[in-house]
Amino acid sequence: MLLEPLPDQESLRDTTAKYLADVMSSEQVRRLRDDAAGFAPGYWRQGAELGWTSLLVGEAQGGGSVSEHGLVDLTLIAHEFGLRAAPGPLLPANIVAGALSAEGAGDHSEVVAGLLSGASVASWAYAEEAVAATEPAAMACQVRAEGDELVIDGVKRPVEAAAQSDHLLVTGRTGDGLTQVLVAAGTPGLSVEAMHSVDLTRRFARVELRGVRVPSSAAVGSVGGAGAQVERQFEQAVVLACAEAVGAMQAAFDMTLAWTFDRYSFGRPLASYQALKHRCADMKSWLEGAHAVTDAAARALATAAPDAAELASVAKSFVGDYGAELLQDCVQMHGGVGVTFDHDLHLYLRRVSLQRALWGTPAEHKRRITTLLEQRGDA
Amino acid sequence: MATTEAEDLDDFRERARKWVTANLRPGGAERAGLRGSTDEEAELAAVAREREVQRAMFDAGFAGICFPKEYGGQGLPPAYQGAFNEALAGYEYPGRLQVPTLSPCAAVLLEFGTEEQKRQHIPAMLKGEELWMQLLSEPGGGSDVAGATTTAMRDGEEWILNGSKIWTTGAWWSDWGLCLTRTNWDLPKHRGLTVFILPLRQPGLDVHRIEMLNGSREFCQEFLSDVRVPDTDRVGDVDDGWTVGTRWMFHERMLYNSPLVSFPAGAGNAAGGPDLLGIARSAGVLGDVAMRERVGEGRVLDVVGNCLQDRVGAAVRSRQMSDQAAAIVRLFKGISAARTRTLGYEIAGAAGGVWADGDGASADAGVDFLMRQTACIGGGTTEMARNVISERVLGMPREPAVGRDLPYRDVPRSATSRR
Amino acid sequence: MLLEPLPDQESLRDTTAKYLADVMSSEQVRRLRDDAAGFAPGYWRQGAELGWTSLLVGEAQGGGSVSEHGLVDLTLIAHEFGLRAAPGPLLPANIVAGALSAEGAGDHSEVVAGLLSGASVASWAYAEEAVAATEPAAMACQVRAEGDELVIDGVKRPVEAAAQSDHLLVTGRTGDGLTQVLVAAGTPGLSVEAMHSVDLTRRFARVELRGVRVPSSAAVGSVGGAGAQVERQFEQAVVLACAEAVGAMQAAFDMTLAWTFDRYSFGRPLASYQALKHRCADMKSWLEGAHAVTDAAARALATAAPDAAELASVAKSFVGDYGAELLQDCVQMHGGVGVTFDHDLHLYLRRVSLQRALWGTPAEHKRRITTLLEQRGDA
Amino acid sequence: MATTEAEDLDDFRERARKWVTANLRPGGAERAGLRGSTDEEAELAAVAREREVQRAMFDAGFAGICFPKEYGGQGLPPAYQGAFNEALAGYEYPGRLQVPTLSPCAAVLLEFGTEEQKRQHIPAMLKGEELWMQLLSEPGGGSDVAGATTTAMRDGEEWILNGSKIWTTGAWWSDWGLCLTRTNWDLPKHRGLTVFILPLRQPGLDVHRIEMLNGSREFCQEFLSDVRVPDTDRVGDVDDGWTVGTRWMFHERMLYNSPLVSFPAGAGNAAGGPDLLGIARSAGVLGDVAMRERVGEGRVLDVVGNCLQDRVGAAVRSRQMSDQAAAIVRLFKGISAARTRTLGYEIAGAAGGVWADGDGASADAGVDFLMRQTACIGGGTTEMARNVISERVLGMPREPAVGRDLPYRDVPRSATSRR
């Protein structure tokens, strides 16, 4: 992560690091495997007090960045989550909080207040089956206006923490445009069915919306005109997923490097074998590359730089491909013990693998990059 | 027994074919390698069924086809085992009783066991009464098998064993084990080892099932606390266990070329990899040429791996390559198994990371991906295979081993295995 | 190559090996860079006497295999060509000789005789620009019957040794079917333009056919019904390309392994560095895999086994991908000297790279394999 | 000279911007790295132009911005060089006179040269009158720079040099060289070296241009036969050349963070890779998603490499990483350059292997592919970078070096360099 965080960023990071160290040992993460929600409400509320959900929300609405750039601040938290494979809906709660408090989003201050305090949770119903996350225009979910109401039909999957959420921000199409709607849990026509995932604590669901009706005021942004906002949310999600994955990469790398010093084979520490030394060197280059590009993408997105879209996709593609390879190399160096349930390594392997698959796979982002390159050529 | 001295190969083949068809269930290698089974009862039932099948094979004269008659075998040449393997193709077979029971365990007993040991155990193995395991790897040892620190101390006509072994498949449903121990810490590493036979169900021997990240609990760790073994259960000479161990490793390498084990012809070539075409279909990306390339790449690796195995097997049999060349196949198949699981995860896309009940083949892609390195670890790491290939096959200089001539107690070891 | 060649196969291989060792040193190969044809007619005629062009031709027509399987025999020659990066139109001359003498090909005995003696050369005009070699149905070249004549229009590229050939076997479409036509050099409407290649001695050209007219008897096989024969020729070409590439891989590997023993760095031979040892182990596994799959494909094709099509594509894809990687690893271990013109290594690098690009790239063959898998599933 | 003591950074920046715009041609890093130039005249013309530009920079007060005034420099802080580099972005610049002339060569002279040496050479370098080269690598030496076997024997007030150096870029159009030699074969490797200055055009020094497989002849090998060098051209103490060499290597690693060289801002980040989009377009496969993935992959590697370079550069400047961390960037960029060239060849398809005049971008893909490893060899191999990262950055144990303390004459060496 950031080479030179500001003092306020450092203290934000430190309080989260300390809190997680206190309450979220790897033993605890393992225990949460059997927890239906994957995290306890109290854990989340305390985290919210440390700023976990406020960084993308403007000060006027009770939030605020500790630097100029809330997204950059938030990547520091996400990185700490990765370092501990910590549970909780960090990514979707922040994306929704940010979206609801954005300019032109409409008045959703009550919901935002709940998210800020950690008393409630919200998630983003964005992805669909067999639709590349990088191509929102291809989504099938429909939102249509009927009088004072909006009617939503579609199936969203996977939706993180959907069953644990008080509200879902649903993205769908209205004609050729995109629309975002805030739907409260329990709204008639909304059904949530649990899915399985490679992660131990993150919970996902398939969300079906059949003729779900909400008042027009539930729209977040303009009906049929939310494309730019959706893209921004998507890129924020991509960067947060990367930041978390980089944290997990760092933890796994550090653990593995230490292991190569401690572990002897044929009278020598593993760290003395050139084949493994060179593997570690490659991993180090991937790790630093992952840090570098994720930080660059966060900064670009926070400052609305012209290459933000490309950097986000470059980061997601790189971290997805090389993060997974790095983790698997860590497993290989550990040997069989690295894939036992009682070892910590798989917690990170799971987190990195999960983040690789969601918010656009490396392959999908590579295609998006090519499209961006073509557009640049045309411009 | 139906066999007669005079039965020729064709008659044998025909009889084998008929017997297999009439007595065995269609199926084959159904053991879930990477995905593991979490169902204990099903596992025990499968073990019981294999014992039954082995017994039926024995009764029909198809067990131990190349084992000496005096130990319950058939005393026939390898071609007969080959013919039986062909008959087995597509049918269930008692895999757990072949490997490691018949090879390397029985193979080691045949070479180094006392007459009594052979008479006691080999017929029982061939009848499916004794399931054997290899107590070889240790928690602090990794690939360095000869670095065993499980200690056997002599006490009159007995030995007292202390230590721990790990990565024993199914020790919890097995009966006996071959155990490599250190009997002399004052000699260099390879010169203070001794091999023992020991029953796995006895006081002082605690079998702990290891849970893997995918929930599988097929591997075990054994803790030995003052386990007493009579000297008559020693295999080979005292402190000469590495002579036994070297052959033990040899039999491990040669498994698919061994006439001592029965396995359906082609089973060694079974792809066993993920069904990439199925994953592509269930993920809805069969029309995407980039995903079609990945499906094709997986198939390339599977097919080449099989061709390579055939080539190396033939070359080893004809002595154009040494048996160390088996490491070439091991390396290739390990790397390609890891790669095909990565391909599966890529093809599955988001559905690989998060899946719903009823998703089809893509639902397995995620956990298969998490477990992918097991193909490069189990049965000797790919790193060890690369060492063997470079040093033993290509003749490149050996890695400097620290303290090859030091008393083993003075050789640096992992903290966990220091004593 | 073959682990256990028959005695006749061994002697076939040995005579070619000795001949090439005599006349085709690497110095000589380098000199041929400046030779317009890339090989001398006398060299080719002498090779033909050793059997270079007779193995796919039936005995009745003056050819003959030294075993039951001419294609397998021929892979031994191709392998020797690879071992020396030898020049000459081995692949196209044999494909055409085989095609002209196949059952139902019509009477082309005079041309075949010239090919057998090495007095003349022929090539196969098959590939087209921006058409995957694995998809002949997509080719654009048209052959239409007009009375007693066939009229050909199209552009073929690359065509090996087109400028050195006395005849071209042109493959084109007639309606939905494929047709093959033998066209003599100098036929009006035929033009040949030299191209460049990564290889030092192989020459290629772009062949344009504009209203080229030949008598119906120039057809090789049935008009519009040559699909199966074209596929067989294509798979033969694929296997020969692989066999040659495997020979080049073997030569490069042997040279590089020897180099690691001879060369010292930091007081130790390169061969003692574990990182390089492990690289050599990987290379060895690729090399043996390439031998294994190429032999299997040749045998399957020679015996018309049901998996011949798949094996050919598997071999081409594997040898293309891993052959190129092996060669580049050889370059890396040599360091800068490995890419100097005076070193032999690039002769092999060129040959392997050439064969990777022609007769379907690894990517194209992977796609073909998937199609074959689907068809098998459907069957 | 127009500069005054008092000129502040903003004024300097503005003056630099104006001067560059008015005096230099648009362009930038046009040197064909991998493809090489085969046109000798064009090469010489480019060298002449660079000398002109360097002279113009000197006359305008923009040469040696951070060099001491007494040697012709401007004596300004690094920020001024940074400002000038920003002004240079998008313009031609005299690259051959920056590297290796100003760094590492001038940098080494500044640290170790005698007053006379500095006064003689540094102003001449800054004026574009002296082009310098590094005579470092040897034909038998590979990455082992300190293993130099080119020998200097003392003869009164002179030294007599014999041996051979290799991989000198453009020695045929250069004037001077820094040369690492062995002056004592009875001491261990690092303790018998000495550095000399020598003119490249003199009797006994034969410059041979090496032809690469792509026809490029930019690299040279020098053969030294009884070349005489006065002791006054020695740099540093006798037999203490590795003290000089260590700093020499340091300056090499730090090039893009060095205030001693001028280069257009971002030039270190110039992708320089193949134009994969262009190749896809000219090969007619821009509509193929699998090829679009490859184009994207290439872009990913380029962009990450640049981000990584920025990160490591910043970390080294702020001392959060040691300068050895430069090896991380070197490794990443080497590997990714090789990979992007492979991608280019894959995208080009058949047209990469065989091409026609006028084929467009795909026509270069083949030769670029043949040359791809040069990115992993030149300037220190990726293997050396991996050694440095693992040992110096990660602190893993050093490789055992044979004979670190032996007289160098007794240390095993490649046959070609044995004497």
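Structure notes:
Going in written order, the chains are labelled A, B, C and D, and every chain counts its residues from 1.
Here, a residue touches a chain if its C-beta (ideal position, glycine included) is under 8 Å from a C-beta of that chain, and two chains touch if they have at least 3 such contacts.
Just so you know, these numbers come straight off a predicted model, no measurement behind them.
Among the other chains, A has the CA centre that is most remote from the centre of chain C. For the interfaces B-C and A-B, the C-beta contact count is higher for A-B. Centre to centre, using the average C-alpha position, chain B and chain C are separated by 42 Å.
Each chain gets one centre point, the mean of its Cα atoms, and the points for chain A and chain D are 42 Å apart.
The mean-CA centres of chain B and chain D are about 53 angstrom from one another, to the nearest whole unit.
Contact with two or more other chains is made by residues 289-290, 293, 383, 386, 399-400 of chain D. The set of chain C residues that touch two or more partner chains comprises 269, 273-275, 277-278, 363.
Interchain contacts join each chain to each other chain, per the touch definition above. On the side of chain B, the complex with chain A involves touching residues 139-144, 147, 166-167, 189, 210-215, 219, 283-285, 290, 338, 342, 345-346, 348-357, 363, 366-367, 369-374, 376-378, 381-383, 386, 399-404, 411-415, 417.
Chain B makes touch with chain D in their complex at residues 288-290, 293, 400. By the touch criterion given at the top, residues 277, 286, 289, 292-297, 299-300, 303-305, 307-308, 310-312, 314-315, 318, 320, 327-328, 331-332, 335, 383, 385-387, 389-391, 393-394, 396-397, 399 of chain B touch chain C in their complex.
Chain A makes touch with chain B in their complex at residues 127, 129-130, 132-133, 157-158, 193, 195-198, 204, 206, 262-269, 273, 275-276, 324, 328, 331-332, 335-342, 346, 349-350, 353-354, 356-358, 361-364.
Put simply, chain A touches chain D in their complex at residues 3-4, 257, 260-261, 269, 271-272, 274, 277-278, 280-282, 284-285, 288-289, 291-293, 295-296, 310-311, 313-314, 317-318, 363, 365-371, 373-374, 377.
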